Amino acid sequence: MSTALTAAEPRGTIGLRAIAGRIGFLPGLLLLLVAGMSAVDPQFYGIINILNILRNASLLAIVACGQALVIVAGGFDLSVGAVVALASVVTAKTMAATAAAFPGNVVLVIASGVAAGLGCGVVVGLVNGFCVAKLKVSGFVVTLGTMSATAGVGLMITNGIPVYGMPDIFVKSFGRAQAFGLPTAVHVALIVIILMVFAQRRTLFGRYVYAIGGNVDAAVVSGVSIQRHIVGTYVVSSVLAALTGILLTAQVGSGQASFGGDRMMLQSIAAAVIGGVSLRGGVGRVELVAISALFLTILGNALNLLHVDSRLQPVFLGVIMVAAVALDELIRRRRGRV
Amino acid sequence: MDVDVAPKPAEPLLQLRGISKHFTGVQALDRIDLGVRAGELHVLFGENGAGKSTLINVVSGTFPPDEGSFHFEGEEIRHLTPQRARAIGISPVFQEFSLVPSLTVEENLFLGREITTGGVLRAREMRKRAQALIDELGFDLDPSRRVDDLSRAHQQMAEIAKALLGKVRLLILDEPTASLTERETGRLFELIARLKSRGVGLIYVSHRMREIRTLADRVTVLRDGRHVRTLDAASSTDGELVELMTGRKIDLLYPTITHKPGKVIVDVENLTLADGSVRDVNFYGRAGEITGIAGLVGCGKSELIRAIYGIEPATSGAIRIDGAPYEFPAARRSLKRGIAYFPANRTAEGLALSRPIRENASMTVLDLPAFARFGVLRQAAERAKIGGIMAQLQLRPPNIERAAGALSGGNRQKVMLARALTRELTVFLFDEPSVGIDVGAKLEVYEFMKSLVEAGAAVIVVSSELPEALALSNRLYVMHHGRIVAELTGADRTEQNVLSSFFRDHLTAEVA
Amino acid sequence: DTPWFPMKVYDASSGTPKPAEYTPLPKAEKPYKLCVLFPHMKDSFWVAVAYGIVKQAEAMNVNMNLYEAGGYENLPKQLSQFDDCMASGPDAIIVGAISGAGLSKKFEEAKAKGVPVVGVTNPLPPNALPAANYVDFVAMGEVTGEGLLAQTKPADKLNIVTFPGPAGSGWAESFNEGFKKAVAKNPNAKILAEKFGDSGVAVQLQLIQDALQAYPGMNVIWGTAPTAEAAIGAVAEAGRNNLKIVSSYENQAMLDALNRGDILAFATQYPVGEGAIAIDQAVRLIEKKPVMSLVQPIAAVIDKTTVPKLQMDLVLAPSSWTPVYSVKAK
Amino acid sequence: MSDLELSVMAKDTDRAKPLSDRCVWNAVLPAALVVLLFGFAAFDRSVLSSANLLNIAQQTSYLALFAMAQTVVILTRGFDLALGPTVSMVSVGTALAMAGAAATGHETGVVLLAGLSAGFGLGIACGLFNGVVIALLGVNPFVATLGSYNIAIGIATTLSSGRPVQGVPKIFSELFYGGSLFGVPAAIVITVAVGIVLHLILSRTVFGRSLYILGTNSRAAAVAGLPVKRILVATYVLCSALAALGAIMMTARTGSGEPNLGGALSLQAIAGAVVGGTSLAGGRGGVGTAVLGALFITILSNGMNLTRIDGYVQMVVLGAIVIIGVLLDRLRLERSSQ
């Protein structure tokens, strides 16, 4: 039938564009970087260095995944950095307190600490979600506000002085521990990423997040309950940020209000966007976000290994970041044409 | 779609009494009564902005009415939500589609009604049912395509399929044929017949008299949000309907245009587009005549004129304007050369909805000294000029400082047409000029084109509405699969020939 | 009760530091209104300064309001806070400057309006103010450098990587310069690299981890307190126990680390004392009494040997004490 | 930003009555300002002292300038994260140029010229970079300006080797800070002048008109033949030029080139613009909204300083107020369109 033909060739072109558009060439770029570094500097593929990279990438990836979810729903979460800090100090404080109250009862101590930390995430997430979904204030502004507020609370609790007194086991056998040769953070990150991929692809929640980000009005008339899912995305994002805060705390061995901060926030969004998440909403996959988190981490590591003057490093970072995305865009357009 | 057999046809399926709806600034609906029987097709007829879509939105639970009662299958319904509406079998096909561009057709079909076990999607099952439905409807639609890769026509099919997924008791169609071509329209009508025979009630909105004639059992005429009258389609004439609708007499014939073909203004040679939607096309348009382009969905007719205007990349071929070669076309330069393009999708490509009408109309002339000197706007002049033009086009309401978004479809199109009068132009490219505008407005648009050609301009019209294309054009090109398969002039310009030119093509396609 | 005085300091009013003893006035004549500006209150160092200020203000019975700018990246905010201070009509202002040079215009304005300003802890351009007390950061850096050399045999090779702190903060650069000047005296000491970065533990940790890879030969880590704190864990992890860690300033973590033997040494400038002296200087200026125009606390490097005789309440606020931002005179 | 906000905006504004009575921002936010002022005055009368009012005006003038800069790009649905670092870079550049010129014994006129041209040169260069990367290479504003953010930081710290740049001539500070016109401090004079000019540009020129149309529907703008790319580039250049001016004024205020001057300005400026009612969805806002927002934030922190509210509490309050401010603005819109 005629339509078979009609459908045929446009689909051909679109198929190609799809590949370019959906996967991008980030993985390729990553491989290039890794290959290049390995060639230039044997230190790079030293086991310890790889573990460092993986651990730091994991921390970033966890935050970035949450961030990505929010952005896909058409929002923005500037508060993640502050949540990381708050979760860290609250976790540490709580552990210290419970440790004082119930000496020796390590399980209780750790459980309470972690619960408290994640609790912070839930609270901030709910506040963000409420303001965005119910009060209809743009996510950017809301989280700009909660960022300031959350950071303030974190500092109020600690005056910026590190919080000590958490059980050694928490640090030794969780924060700095390794299983199957990989740091805990990496395992946690892998679990998070797998869960998120599953959520995005296979669950109602993920589907509705895409729908809301793609076209709110259509979602409404199709009977999707918008508010619940928007709140959901912000809660997930904050909780993941809190999780990162806890991991950092366990690794460093003290609760610090200096964790996270603006840099973590900016990095998480950068990771998401470089990973192909559209700030217009409706588009983006966490596995690519995780990859771009890895990319950014390796980039920083490479600049250090290559002994680049640390004052000049930002310049390189900025140029490469822009170049990468620009190239991606260029290729995407090319494929779009032929 | 599953449809349970007709209930007692006595009482109406849907019964609205005294429905009102107020929007900021407008009384969109004012004490409307409406009854739809099972198995009948009930047409809503009215000018742009009469309140048809609003009424439909109320019926399908998008927003609640301010007052009035709502009965469905005999029982009173309160606090209707979209979910509830679909659950009880009210499924709307919206004028502004309810599709998520970044999702696939199939994902859109099930949006809000996914098949899940404990929050986990059952993709395979949904895929199967989506395919089954599309096959049953006989649309050529690929369920795995992303909606934003589809043409408006294919999006329309997806929107219809979406409405027919699941239990259907009352099907609502808001201008479903606006961007469908004859073939899909035919399919749709067969489908409607089947549904009626199975006792499904239909509400149908259209501005095309032909459809109303062929489909309608009863017609309800709305004007300014008020219910004017409900009458039997059989016992009422077109003129009657239109008079009720507009409150004045209008004769519904296409204007008789006297074409005086002059020299070739637009000349296209072996044009091929980057996305392959148009392949080595040769055609020309002359001053003083309307050149029509007709064709099935996705045949690339829009792309062709968009390429001439310079918003679709071409890979090979030559375009000549008034004899002079026109390389690397671009919107800006096209306008300078006197070429104007009027997009089919006015919300996406035409208007900045939240900006005032004045700014929207003068958008294309900010480079002219009459409107700006040394980059400084001459707002007084602008206000005067645009005001005059909009008055001449009879903008309703006549205030040019309102946001363009506050206008109804027909008036939005008028804002677009105003651009044709703001600067010296010789070539006018219209893409689906009458999509979604009411009969009155349509005639005004046709009159407008008439005046253009008779003033010696070269007008090129792309239309999916075959009668329109035939009636307006002096020469009619027929496109198929990105190629021009026929050029019809004079007496050969008949629906027969247009359609047969497709079939000829099919045969060759089969042979090859 | 402030058992800190008389406190041994240098009197650098004349330009050349002379050993001296500092004793504050017992009380202020009136309950003056003092305005205090801090770069931030985000670590125990500035909390220590605040402790000195608060205690001394209470002791001398003056009103005090403390504003913190929230970090070294907020110079504009500190400028605004200075204006707000001036607007609230204080008798004197005490400034821990984010950038001495950056505030110089404000100092001129205050002078023009006859409001005395005292500089505390952070260095200022020479003679910018009628009175100030701080250890020059370059000097401070030198002290740490000398401390390091003192701790190590002249013979053994030192491969040093420095982690001065945030680039562009000014203080990081000055510390670094001083330190380099000092270690340059020993031909066996080599600076492999200088790694600037925000003085947060997380950031420093990444820098250290990368440095451990990039410089296998590295055997001395010199940097901010957070650097040292991060280094302890990272070094242990990398199993490079031969590494010496030196911190360019003090905080609770450094003290504990030193006692545990995790770090070699840290430097101190007795921040509590600085805070206290600043209040007294301010009061003296208000009351037009003779004032030591530039006091330099005697910076020292604290290591295992010296830690026992360290007067702790001049170095850190008691951990029980939580900062207060204002003092009301009775 | 978020499609959610977009749809809200659409509902509120699209079908509203004539633009004119929407642009008359009814008194909600200004009223809130007055209430704030008197509220603070109740605790500390010096808040309303003429000295402090002048002080507020002066502080506002800087933030307002930066908020205006952001507003210009936000109108096109973008934003400039690099604004802060640009300020640092310009500050350092200006100071270095003047110090250099002065050192080589040129007379003041030349020194000033050198400083200004260096400052604006750097600023405009940064704007060009952003504009070209965004408009021509199609990189989204976030990544593009995050890139230049890093680059500018690198340049600023490298040029200054991280230390304040001394040797800024007195006249410079006299001119751009100390000086005054009819007793009105220079900063206020300059900002007011710039504000008026910018307002005229936005409301009376083709460029300004195109800006709003582009921000409302860029597709339509392109089809209507507006030079979308050129406009975008110009927009980012204008933004950075304004930032450069602000940087020069602040450098005059500090009397030295500060490699860290811009630190946290980017987000503050965005907050200022948005609190005042500039829509991140593009096409809505102007000089008025920028100034209003700047005033709001300045008065708030000034008041809290004078009423002795702890720093960390201030952060929390500020956060909350930002959200409330925008919420008010949204409600205001709904009212005014009814």
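Each chain gets a letter, A, B, C and D, in the order it is written, and its residues are counted from 1.
Here is the rule we go by: a contact is a pair of C-beta atoms (placed from the backbone, for glycine too) under 8 Å apart; a residue touches a chain by one contact, two chains touch by 3 or more.
Because the structure is a prediction, the values reported are computed rather than measured.
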item	value
Interface with the most contact pairs, given as the two chains involved	A-D
Between chain B and chain C, centroid-to-centroid distance (C-alpha), Å	73
Distance between chain centroids, defined by C-alpha means - chain A, chain C (Å)	36
Distance from the mean Cα position of chain D to that of chain B, given in whole angstrom	44
Intercentroid distance (Cα basis), chain D paired with chain A, Å	29
Overlap residues in chain C, where contacts from two or more other chains coincide	41, 167, 196
Junction residues of chain D, two or more chains touched	153, 157, 161-162, 264, 310-311, 315
Per-residue overlap in chain A, given as positions that touch at least 2 other chains	155, 213-215, 217, 282, 311
Chain-to-chain touches, reported pairwise for every pair that qualifies	A-B, A-C, A-D, B-D, C-D
Residues of chain A defined as touching chain B within the complex	1-7, 9-14, 18, 202-205, 207, 210-211, 213-215, 217-224, 282-283, 336-338
Chain D residues within the chain B interface of the complex	9-10, 13-20, 204-207, 209-210, 212-213, 216-217, 219-227, 283-284, 337-338
Partner chain A, residues of chain C touching it in the complex	40-44, 47, 167, 193-203, 205-207, 209-214, 216, 226, 229-230, 233, 237-238, 251-253, 256, 322-323
Contacting residues of chain B [partner chain D, same complex]	23-26, 311, 330-332, 334-335, 341, 343, 348-356, 359, 363-364, 366-367, 372, 375-377, 379, 399, 401-403, 405-406, 419
Interfacial residue positions of chain C with respect to chain D in the complex	41, 65, 67-68, 70-77, 79-81, 83-89, 98-105, 125, 166-170, 172-174, 196, 325-326
